[in-house]
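Below: one structure in structure tokens.
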């Protein structure tokens, strides 16, 4: 249902929303937000964009299958979880770089973990929605 | 408030279960969603409810003091929400396949093929 | 705090009443688009409530919730209209 | 003073929302309800957002409030357009006292292409 | 291109302003924007391309026009909604379009929708007609003219 | 070795799954990583097992937060043995699948989901936190959803629907129970709960939470009267998947029930009675169902239900002897059930059918295979001294000592029906003459398979058969472990102390 | 002893690995195995007479299960039978099974069986004994079904397995109880703690369980019918398992326990009644059969009954008679079977009506048959004579009127047995050659020698009974009672009552034999009569049970998903309500807590309305829209009560669910509103009650003050230690990060699952 109006609007909204999602991701540790909700926003943005551009043909507007984000994200999160093992700490122990940064706060494994979450959420949600859409939405 | 919410929770459980007990494939999903919401609300309620004090440490503070909402149930619910989303999404697609591929109109048309043997 | 009290006892009830009006339309229909637009407006009202709460609780972070709501309401509207359109096509087949 | 301003803007915003809901409650057909609801809601929320921006008086927050308003300004009409269009396709009836319908017969129901006004059959 | 460059410069200056003043509020940014706009306007009198400096007033004019329409229509609708009797005379009207670009049509349609009482339903596939549902169509031609002279003209002058 | 390494098995499964996701379309890499990964998993589990056996419980506090605040991972002898058993079963299925699964199916995410399933299972064993346990369980069920519907034809989907729905209801009940537990104690850590639950004034509420928990997990475990989904669904997916389901899924539920009901939901007389009665009825109903079936996989499915009763019986009797029996049965059952479903896959590959009516001729044409599958089948019956025999003695002993005669009777019935059913199965599937079956389209007969594929069919069955032979003939060894586990379950003080030591 | 058993099992497995040619060559020498075992055990004879020989290897010491073995008089008797008859059977089989396609497998099973049987009689540990007991059942299963192409053989095999296996299970329980009572599974210990057992309240049940095991195995009424069925097995098997050894396992077991159980809880009465009935039943039936093997099977049943009877009588004389009779029976029955097998092999029939006049060509075989028949009939001077005499004597000498009645019965049964023995061993050789008989096949020496040896052996033993008595029979008594006894065998007894009775038995039996013409008519009449036999009863029972199981199973497993859900919930409700009812009074506990605000009220109202909409609407879209409303309500509630993260996520997810739903909706069926009112009310009840329960419990739990220790810890340390200010997020990524890791994996798997569900359709 690629109406002109929707398509044009979506073209301008998508990048905005993706930015917003990254913002939400990064500052989750300090304020409501985080990888999960950030990822959701990102995927919603892409879905909206998909709707505006024939959702049944994602391959035409995404360079890669979103499913590949799942292992990417899972690797990041797993890495964050496992890293402490090399320092003889239990899994999931937070490791921090010194220093503090705006929006993000301290940088540490927690952030890496959250980024992983973000990717997995995007990958999974998009895989679900696009699979369904490809099957159920024609035109 | 707690009493009202407890009743609401019970109502959500009841409605969810009632819908699950229907014949319709779609109602099953609706029921599951309501049930999931019900259990989330239950966790929330049992963690104790607090108005206006989210568990976020203030800008210039390093510790949360005074009254604040119990963050743990919230985290649990967040996890539960996401999980039930995954499960529900899967269940929905399954139902749809069931209908499209198997021509199943409602639950009563799915019976085990025990008798056929 | 006077502002807070005004918001709690003035604005919020007003929004609540609006919400219940919309709820009536949601229940009543009669057409599906009617219900969808009602849901849309209800979410709008919800956004309003959230923003008011952000002031009451001094939690600017609540604005992000508002953003998420707006975003998703939009997606919902798109999906619903998609569905209705598809259904139309099916019917005409 | 600023509190008063905030209260005022909030009130106007809330009233907008209230009017929108009243409209949606009372208007006789779907198109009219959409007409009323979309802007009322958007305006109302926009105003309340402005009030909150004023209240917090912070750059980041103001930006976000404006971003939300901007977003609403884009999405609300697009949503309305989508719904209105679909409602028309679904033959949701116009109010009986409507004075005209230029859209009649312009949609090709097979592929949903839409002719412009001056095109003839 | 020059127009865009002007705009970016303007933004850059505003950011520098905010940084220099050290007060990261939105009002300050806005103030910086206005300030640098006038400075740029003042110093680029000899520049061949003056569109940017003409554009901003036009945008502002459109915004104001929009708010004016908004308030006017709102009052009208509010009155109609809150009183028992309906004064309206709704219709779906085909508005012929002069504006051609996608963005232009979208903005126009959205502006129309945002104004109470009117709702853009769809654009024809050849982009020549915008179908609008309106609450107060006592005279169809008058209505079309109002839109064409109001929003479309202002928009056209910005978009060209 | 530091205790923190107890997490390794979980990590290994996670890594395998992620790797196979990266090799989305390279099924051969997936097969390889699955087998190699599971070998590593098994090796690590063995090392951990022996370590725990020598040095006692391993505890790792996730995030390095002291006990009730973070998520605790625990590896005691019970969970360590479960890991090993899982490794054995998992490896067998890996090999079996590598040979039996078509590229098309494997292409569509079988291996990742399979390893995510194993991840969930092994996670459940090391979870020291109630909510974490829930989360692992959810992983298990979503992965099992994925597998049970994989490549689904109509009947498979129908079975899956029941499976999915009832499991979702189960999850809700589980979650509800957790909510009540948290409301009552403000804690989720298993060890902490063991301390705090007895302090709750209103023990009635505790036992209601326990009931919810029992029913929630009971559905997943498929006990009476909550097993309906199992016979309706387990016979539908391909054998490799049924194998891992039949072997491990319900058993994780048993594990969790034993763990929780021996740690903090200590069965009072009411709940104890309920559990015992349920165990007996499960045995009876499962036996009945198995008795009347005429399809290999349906028989096996019903036998799963029936045999769950044995383990729950151990929990119901709740004595060291009975728990040792339950634990031992658990070990045996995982291996055997995995194996017999692989056997059913082999039978299908040879006969092109699953129903009694159409199978036969194995003895005639594949005598060596017949005797190979005799091992799992007769172990299943509990022919002494094969693996199923030993726990039965313990359970009967426990039942008599605990005056649970009804349970003993049910155990006898269950055993008897198993005997008759498997005897019948043997007579039909193995002894009777080969039937003429119209194969389904694209059916590839065992003979037509490549040598490697045939090995992939037979080797895992032989492998698990050897394992169960070991369980049977090495009973002294197994029993020593089961006894220690039962002791630890009955006296969890050490478990609690090791976890809460930082307080 | 353990070594002997292990050798058997090892060889059984070893044979199994042979290929056919090699196997046939090497298996010629297989009779050496039982023969050498026989010699080994014979060599221990002296030691056995002095006392028992014991071996002990711990196996599962925790459970008191050990590989302990004991060779005493009783087991000595049995080992001799096993190895002795075994040697002959092996020898016989080498020829008999020669051309069978599964020649090798046969020896493998046979050896397995021999090992198990040896284990059974040598075990001094109950559990070990049980293991061997079951192994004999299993190997018997394989042997009965040996001709697996034969449908009836398969059926017989499973019947035998079911009956002996079922009995075995009951026996196991008996053993376990004994173990619990005595604190040990060691038989020697058990025998010594006889008093402990006698005093136990479990005694009656133990006795019944032992009976269950023994009666099924030893084919006592009403479990007898598997034995005639088992004749489907190749004849050497019938010889070995079903006459000489396995079926006597039950007898062995009860004899073993008789020192403890004698005189306890109807032990004797039950044994006498069951044994006596079986004896008469088997005897009467035997002469009406026309299949030679069937005749023998029924005489075996009768003999087993006699043995049980003797254990039941339990006097020293009876035990002595038992020991003697076991030997007698083994010898003559094995002989008859082997003769039958030889006939079958050469004449290709076992039908009595189709056989006659074989004497002409088969003089030696006839001699073997005659000798066996004579021994079976108890003619002087066969060993059978001594057996019978001892039995009569043991009954008569007690001078009890009850036993006199029994004596009468034994007498009667023996008349039939005499007749049956002659029918089987003599009849085929006498009379005319029947016309349609096929040309006679040559008879191998392998088939001739074993029965002949048995017959001659019986004769010699009968003439010189003292050797056997001293070396085998008396040690049996000694091992059971712990006392020694004077020899009782005499070749010629005076003309006392018992001798007269013996002679009368033979005379009447022979009269019966000469006047009775076997015919199908009798057999059919008997078959008609046995409509009410236990076999048919069992068949009816099985059918009934099947029907019942099927009904019950399908009653519960009826295929309706919503019914399943309902059952589960009703079950849960019952459990909880019962708990509440017995535990605490149901009190509606209004919690003193936060007041309610208008907007909250409206929100809750909105949620309720949304839910009600989903319940009442007929339209799918409407219910989905209503779900949107519910989601919004949840979001606002979370917002009101300080859970911004939740509000955001909840709403996002809820709406996303709705979006998915809408996407799928087009391909989902319409809402169905076919409401069965009664069902509807039932469902409303279920869901309503469940909801009410949740509410009540929730209110109760809210009232409980729980510890805030954990949330306090989070509040204090989230920033200082975990460097985050949004505590919920800190919990998600740090304190309880593992949950989140799993959670996203769940989501990922859901994605993969949906993907494969949609993309992979393997309908072909």
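Order of writing sets the labels: A, B, C, D, E, F and G. Residues in every chain begin at 1.
Rule of thumb we're sticking to: a residue touches a chain if its C-beta (ideal position, glycine included) is under 8 Å from a C-beta of that chain, and two chains touch if they have at least 3 such contacts.
Since the structure is predicted, the reported quantities are computational estimates derived from the model, not experimental observations.
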item: Interchain contact steps from subunit B to subunit E (minimum; 1 if touching); value: 2
item: Longest centre-to-centre distance from subunit D, chain (CA-based); value: G
item: Chain located farthest away, centre of subunit B as origin (C-alpha); value: G
item: A-E or B-F, whichever has more C-beta pairs in contact; value: B-F
item: Per-chain Cα centre nearest the global Cα centre, belonging to chain; value: F
item: Approximate Å spacing (C-alpha centroids) for the pair subunit F, subunit G; value: 26
item: Subunit C-subunit G separation of Cα centroids, rounded to whole Å; value: 69
item: Averaged-CA centre spacing for the pair subunit D and subunit B, given as whole angstrom; value: 32
item: Euclidean distance of C-alpha centroids - subunit A vs subunit F, Å; value: 35
item: Subunit F: positions in contact with at least two other chains; value: 14, 21, 62-63, 70-71, 73, 131, 135, 138, 142, 145-146, 149, 152, 154, 161-162, 165, 169, 176, 180, 182-183, 231-232
item: Touching two or more other chains - residue numbers and ranges from subunit D; value: 22, 34, 42, 58, 60, 67, 71, 74-75, 78, 80-82, 84-85, 112
item: Per-residue multi-chain contacts in subunit B, two or more chains; value: 16, 20, 38, 42, 46, 52-54, 56, 72, 76, 78-79, 82-83, 86-90, 93-97, 101, 104, 110, 112
item: All chain pairs that touch each other; value: A-B, A-C, A-D, A-E, A-F, A-G, B-C, B-F, B-G, C-D, C-G, D-E, F-G
item: Residues of subunit E defined as touching subunit A within the complex; value: 102-103, 105-106, 109-110, 120, 122-123, 127
item: Complex interface listing, subunit A residues touching subunit G; value: 28-37, 40-41, 44, 47, 67, 70, 73-74, 77-78, 81, 91-92, 94, 96, 105-106, 108, 110, 113-114, 116-117, 120-121, 123-125, 127-129, 131-137
item: Sites on subunit F touched by subunit A in the complex; value: 2, 4-5, 7, 11, 14-15, 17-18, 21-22, 24, 60-64, 70-71, 73
item: In the complex, subunit D residues that touch subunit C; value: 3, 6-7, 10-11, 13-15, 17-18, 20-22, 24-25, 30, 33-34, 37, 41-42, 44-45, 48-49, 51-52, 55-56, 58, 60-61, 64-65, 67-68, 71-72, 75, 78-80, 82-87, 89-90, 92, 109-110, 112
item: Of all residues in subunit D, those that touch subunit E in their complex; value: 16, 19, 22-23, 26-29, 31-32, 34-36, 38-40, 42-43, 53, 57-60, 62-63, 66, 73-74, 76-78, 80-81, 84-85, 88, 94-95, 97-103, 106, 113-119
